[in-house]
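In what follows, chain A forms one complex with chain B and a second complex with chain C.
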Partner chain A sequence: MSAHQSARSRFWSRFLRNRVSLVGGGYLVVLVLVAAGARFLTPHDPNVATRFQDFLFPPFGEYLLGTDLVGRDIFTRLLYGARYALFAGAEAVLIALVVGVPLGLVIGYFRGWVDRIVMRFVETVVAVPAVVMAMAIIAAVGTGLTTAMFAIGVVYSMIITRLTRAEVFAAREELYVDGARAAGATDRRIMWKHILPNIAPPLIVQTTLLFAQAVLAEAALSFLGIGASAHQASWGRMLRDAQDSIDQSFWPAVPPGIAVFLTVIAFNVFGDGLRDAFAREARGGRVGVGDVEAVDPGSDPVPPSDDALLTIRNLSVRFPRPGETEDVSVVSGVDLDIGRGEVMALVGESGSGKSITAMSIMGLVPDPGLASAASIGLDGRELVGLDFDELRRIRGHEIGVIFQEPSAALNPAYTVGRQVAEPLEVHLGMGRRQARARVVELMELVGIPDPGRRIDAYPHQFSGGMAQRVVIAMALACEPKLLIADEPTTALDVTVQGQILDLVGDLSRDLGVSVLLITHDLGVVADLADRVAVMYAGEIVETGRLTEVFADPQHPYTEGLIRAIPRNEARSGELPTIPGVVPPPWEWPDHCHFADRCAHAGDACRVGPVPLQTVGASSVRCIRAGEVVLRGVRAHGGAAS
Partner chain B sequence: MTGPADDLVLEIDDLSITFPGGRGFLPWQRLPDVRAVQHVSLSIARGDTLGLVGESGSGKTTIGRAVLRFIRPRSGRIRVGDFDVTGFEGSVPRSFRRAVQVVFQDPVGSLNPSMVVGDIVGEPLRIHAGLSGAARQDRAGDLLEQVGLQRHHLNRYPHEFSGGQRQRIAVARALATDPDLLVLDEPVSALDVSTQSQVINLLERLQRETSAAYLFIAHDLAVVRHVCNRIAVMYHSRIVETGPSDGICDAPAHPYTELLLASIPDPDPEVQTGRSARRRALTIGTAGSVGNAPEDGCPFADRCPHVMDVCRESFPEFTPTLAGGEVACHLHTSGPMLGGAPVGTLGSVGA
Partner chain C sequence: MSRLLAAIPLMFLTGTLVFFLIQFNPVDPAAALLGEDASLASIAEKRAELGLDRSLLVQYGDWLTDVVRFDLGTDWFTGESVLTMFGDRAPVTLTLVFGALAIALVSGVGLGILAALKAGRLPDRIVTVVSSFGMAIPNFWAAILLAYFLSVQVRWFPAIWSNTRTETIGGWLHSLVLPCIALGLSAAAAIARQSRSSMIAVLQKDYIRTALAKGLPVRRVIRRHALRNAAIPIVSLAGFQTSALIGGAIFVESVFNVPGLGSLGVDAVLRKNTPIILAFVMVTTFVVVMVNIVLDLAYAWLNPKVRPG
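Coming up: the complex of A and B.
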């Protein structure tokens, strides 16, 4: 329960941080109070002229805002006007919701010919300005504030219908709707219980904005004389009366004008604030960048090896926790070396911090996060302390990146040729023709058949494997020294995966590019990597040569990962698992992070932080390393190939 | 292996499914219909698990959706227990929804984010058992405990759980109606390896307790081998090979099955070196399955290292394999006449 409440309170705290919306909301609260208590706020009657027949009395003394043409107190009428504005808005919006939401739900859910007919009608109504359409309806059913707002409500219901339908279209494709259908839920139940609550945010925002429109429409219709009647002190009516005396005094038009103006603005900024707060909830945070902060190297820095291309020393990433004063560490004390032409695999479960480690090398840490390191050296150059622009020149030029989802990495609006050419033009300053020739070479290099023709194709014309080749061509465009491949084959079919792995391996060998391969699949690691670093809960727990780590793991977590991977061999008994799950970062202990899931953990494991120690050719973060006997990939018995 | 005919929970006979083609450039132009599933026959006995394996776009998920009656096939028959699924007119009987349940791949999208776990798991109980209030909460709590969660999780929202825990919630919901058949559509593909095996162990334990039949749809042949008694391999709208799991995985009779097996990367670097060499030898060109499946002829012909002229003319008849299954491949009926022997006995391709 608490986490949900905190999600709700996060929503409100986000909303409350938005000052403009807060002022708008405050104004609306005051407006409601004024409308409710108008009688107690003024001694006058809005419709009765004052004792002394003070026509057009200027703002003074008893008449805070003066009097109008027939001597009524403008301040009093303004207060009562708030009542009409809110009633009018509420009437229109309620009608719009009562008609629009069920209609939109039904036509969006069932679609078919009913949907087509209703939508043609809706489009026709929405194409005419709301006030004009309302005038036509008023002409048919008669004037008066209630009928006028009824007419506005009918027009707005079309807008709500259209929005609801569009939202239902998207929501009905959600898996949980299929799940509810499989559970036997009726269509009505699916619409009201499963779809409506999840499409409520945009409807709430739209309703707020329509309320503002309705206030404006009331003013317009009353001004035209087909809304509020003479004895209803609405703001629109006040404007109409002011117009009659405009050649004697402009003043009576000012207070209602300002009231309408402020009310509409208040509703709009309030609605915008709600929208922003909802949107933030849906996306879960902005992605931005933070610099990498320099820290002390720690007590005993490992000297970088001579042939290393990339050396990372004491890299940590922290995030502020909402509602807490202390930051939470998601990556701590990572040391990593990658040699020239070497493929280094960074493996671990989701939540281990492997992707964020790779991103911070390039200075790309998601927004509130803060990366710090003693040193990040790339080819002898120190990256820590470089500003954003200097790092940008390194990204895409000296470091190329391949992401998991090729369809997300490519822009659907541009040809693949343009996209591969972009880094060439930006970083290497090539001209169009020169870049195009190079793009064809690159596409040939990554095995795209017929590159001369396919250079002008769009990403959607490529299969997943071919699109990933384009992404690789893009990453290689500026002949980077380091390629970061973040789950490069996870989204691909298994028969295509092998081809992409072969390609990356060949490129690394032929071009001498170093590769940082991030993956959770130990099979992919075995196929491609020279060395491997196993990450668990923000720390590297074991690192060494691939063959040694996999054949003879020293850390129980490495063993657990190796044993849990399903292999093509006969099965005996239950599948081996690692009990439990990776805990969230704020629950990571000071002592061994893996102790609670480890079969070999004893009291000594729960005393203090465990340093990396050298065991054979590997480094291991386990105090019992060498002491417990762990099984590697061979222990399964002969695997059939 | 299949038991007596009356013990079959799911029977699919000659199922074909097409999707209407999109509209062309001009309003009256229609693109040809997409052949998603062609002439598929399958059956699962009580307490058994059938693995339906194939790559994206092969039609495996479409079959699952047809069994759930989310889509109507063009031709063929689907029977679940006593229900003639393809014969339903209008709305689906509530008792059918009790008998067949589903768990989806995506543990994020498959649970309604605005409902608490108690309501999600309790929904089928309300619909099928008419339970309400405390009785429903009580039963939902039992189900959570059965899948390894705790009773106090009832009041939490889905986003408070990890991927593996959400998948347990989805399993608890599916179990609520005590189904005869569970359609598992890539139930562990989105999970970490360690969580994957936890969920698989759970599904297996539950199957022993309930004797439900599982239709396990997945792309990872290694996972499927561990979970299923029998496997059906699909390629681009057709089933190309069926058989007992160990038989298929140790002695594949169809070149596509062989390629799939060679494509599973193994964590033993030595094994993987040999296997990736084998995969390279079996790979022709770089294309995956794209475009519409052919109506006649083998859909794998363009990627098959053993392709013959006859392969593009007609889809082969099913031949019994030595492993105890059936294969649809002309290598076994004409040409080299493997006659059900593993395709590996053909001699290493390109080696």
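Coming up: the complex of A and C.
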């Protein structure tokens, strides 16, 4: 009950924050009041000429909005017009709801032959353009405002039926329906008490938008002369009269048109506001962003080692927070070196900033993130300060990337061959034919059977494991120096995970490519990595050779990751050995980020920032390093050369 | 081809539905035809002439066999062949509808994509506001405003639809501009909104990140990888909008004196001219069905997942 209430209050607070919708709602309230009190707001009669021969008077004189071709006061007719608009809209929408909602509920709930027959009928009606269908119905029931809006209502009821049915289809699979059925509720009760409240939001939104359409339809049909009669001061009728006198005066066409326009906008923005309050739309961001900004190297920079392919110094990524003046850091002060031909594992739970770190190497921090670094060196070349287009020549060319979800990483609209060929065409300037031959080679290299035929298949025709092989082929197409593998096996079936990891390991050895392997699972890296960097809450907390880190972890978080290895198949998002999850970035403290989840933390851990210090061959960010006894495991070999 | 065949039962059902629907009207068309002074005998004679004295099912059977032979009957009032009347007028309406659709697609998709790429910034806000205005303007009012300001006031465009028999091709095209804009406005607005939201959704997809990680230029990422996928919901909307444009054409035609199907239809509704109403429904439905078949093909081309085989 309280959850329900808070959802409701969140709905209202979101809706009330939407100023445009509030203005729309306010306009509609005023419109209702005007319609109700039209008689008290004007001395004139909407259908009787004001005075003999006062026709087509200009506005803002004796009559506020002038008079029309037979001398009726336009302002008065406008006020009364609100009545017709609201009544007409209400009639159409009510008919649509009264017919459409029960019909949609019943056919959506029971399905079977009832559904097939009704839907055949609905599709038949909907196939005819709505206005034409309404005209056919008007031909049957006669002209006039009430009958015209009845016709519009009948056409709209088909739309409501379809929508209700589709929503019921989706809702029927929900647990609450099963629950209600198990509790012995009747079908009728389930439909009206359980399903209807749950599918109400889209219906409410659609009703509001249909009301706007009905106001438009009223005006249009009255304009043609098959809606409101000459004695009914509807806005559409006013426009028809204005059209008759348009050669003498244009003015009478203005006020009713604006009235229709504003009323329709009011209903539309009101409906949009409701929709947004029910479910917020994804907001867009810029495409291709994140030039890395240069910053000071920090206090005492570690000198890059000579054999390093990639050296990162003091990399940080910030995101602006909506409603806050201060940015929030999701990655701070990361230093990382990867040697030539080396496999470096970057390990941590989700939310620790691993992927963002990897993406910022290529200048692909998602908008509106801001990356900064003292230096990102790739094979002796400084990447910091390069613009988007200069970085573009490195992406896919010198750095290849494998993503987590292969089926999502491939574009469903193109054959895999064309997608693998793209970097070849863009970076190496290959022609179609040459690229195609190379793609077949690459597909063979990554172990896709029958590449000559599979090259023309679409991504949805591949299994997850095969799709990931395609992505690997794409990443390796231009023989990059560095391969970034971002959780390459997480989305795959357990049985193929090992195959993909073996493939990455073999390829890195055979091609001499360095690998940055990102994973939350230390078990994945045990056979593959030479070195490990453990990341927690935006910081590197421990880094060293894999064998040493496994055998003798220095950071309590590393120990937790190691102890989690055997049970990691079931990814629950929580480590079995460390309670809780990574807190959101804005809750990260100034002192040790891990202190709140650490079994060994003391008061000293909560004083200030903890620097990375060297302990033996590893670096560790823990003031109690060496002091507490942590248990490791023997790594099964590793790829250490 | 199978889609074309599937359209036939739909047309049959629509025609049947409307045929029986119109019978609800209590007005006797024979009496209406002959005027108030007609004697009962002459009304009965007229009824026999129109075939209205026979049972409903016989009338229905007659109508059906005629339709199968592409005979849409004759106008009850003038005796003209309905097929000839529609042959004259349908191309006019279709020109208007497809002209409006072309304007709506080009401007709507263009503006929608611009808004999506500049999401949250000024161009986006402008497009959002303009499109919500466009959806709220009644098309016949837009037609009145355009006709008044752009043809009566500044005389840039003719206020009346012309034809190629009396005008040069250029003059004829010139006279199409305003009606097509007036009609296409709301469709353009709806398409712009749809394009914006589907483009924004597509730009969040993983494969866009992949394309960027491959080092493709942004233009290529948008043109090749985003646009094609974003077009899928736009194609669905275009089918719905075509249907709306055919309905909307009736109103715009009345402002610009376009000799299309609109005035014919309105007149038929007012006088219960059954053969015209039936043909009106059948012909417009046929156009909508044909457009949807073309769009289905486009849909399958865009989306390999729904392609057979």
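Here is the rule we use: the second predicted complex is superposed on the first by the 452 of 641 C-alpha atoms of A that agree within 3 Å, B and C clash if a C-alpha of one lies under 4 Å from a C-alpha of the other, contacts with A are read in each partner's own complex, and residues count from 1 in each chain.
By definition in this document, a contact is a pair of C-beta atoms (placed from the backbone, for glycine too) under 8 Å apart; a residue touches a chain by one contact, two chains touch by 3 or more.
Treat the numbers as computed from the prediction; the structure is a model and nothing was measured.
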>> A:185 in the overlay: touching chain B, chain C, both, or neither? Say first, second, both or neither.
In response: first
>> Let me test your reading of the model: by the given contact rule, A:14 touches which partner, first (chain B), second (chain C), both or neither?
In response: neither
>> On the A-aligned overlay, A:269 touches which partner chain: chain B = first, chain C = second, or both, or neither?
In response: second
>> With both complexes superposed on chain A, which partner does A:401 reach: first (chain B), second (chain C), both or neither?
In response: second
>> Just checking: does A:600 make contact with chain B only, chain C only, both, or neither of them? Give me first, second, both or neither.
In response: neither
> Of the two partner chains, chain B (first) and chain C (second), which one does A:412 touch, if any: first, second, both, or neither?
Replying inline: second
> Looking at the overlay, does A:198 come into contact with chain B only (first), chain C only (second), both, or neither?
Replying inline: first
> Given the touch rule stated above, what does A:521 touch, chain B (first), chain C (second), both, or neither?
Replying inline: first
> Which part of chain A faces chain B closely enough to touch in the complex?
Replying inline: 1, 3-4, 7, 174-176, 178-185, 193-194, 197-198, 349-350, 447, 449, 463-466, 493-499, 501-502, 520-527, 546-547, 550-551, 560-562, 564-568, 570-571, 574-579, 581, 633-634, 636, 639-641
>> Per the contact definition, I'd like the list of chain A residues that touch chain C in the complex.
In response: 120-121, 123-125, 127-133, 135-143, 212, 216, 219-220, 223-226, 239, 242-243, 246, 250, 253, 257, 260-262, 264-265, 268-269, 272, 281-288, 362, 364, 388-389, 392-397, 400-401, 403, 405, 408-414, 422-423, 426-427, 458, 460, 471, 474
>> Give the list of chain B residues in touch with chain A in this complex.
In response: 55-56, 68, 70, 94, 97-98, 100-102, 104, 106, 109-116, 123-124, 127-128, 155-157, 159-160, 162-165, 170, 173, 176-177, 192-198, 200-201, 204, 219-223, 225-226, 246, 249-250, 259-269, 271-272, 274-276, 278-280, 283, 286-288, 290
> Contact residues on chain C for chain A in the complex?
Replying inline: 10, 13-14, 17-18, 21-25, 27, 116-117, 119-120, 124, 132-133, 135-141, 144-145, 148, 152, 197, 199-201, 203-218, 220-222, 224-226, 228-229, 243-244, 246-248, 250-251, 254-255, 265-266, 268-270, 272, 277, 280-281, 284-285, 288-289, 302-305
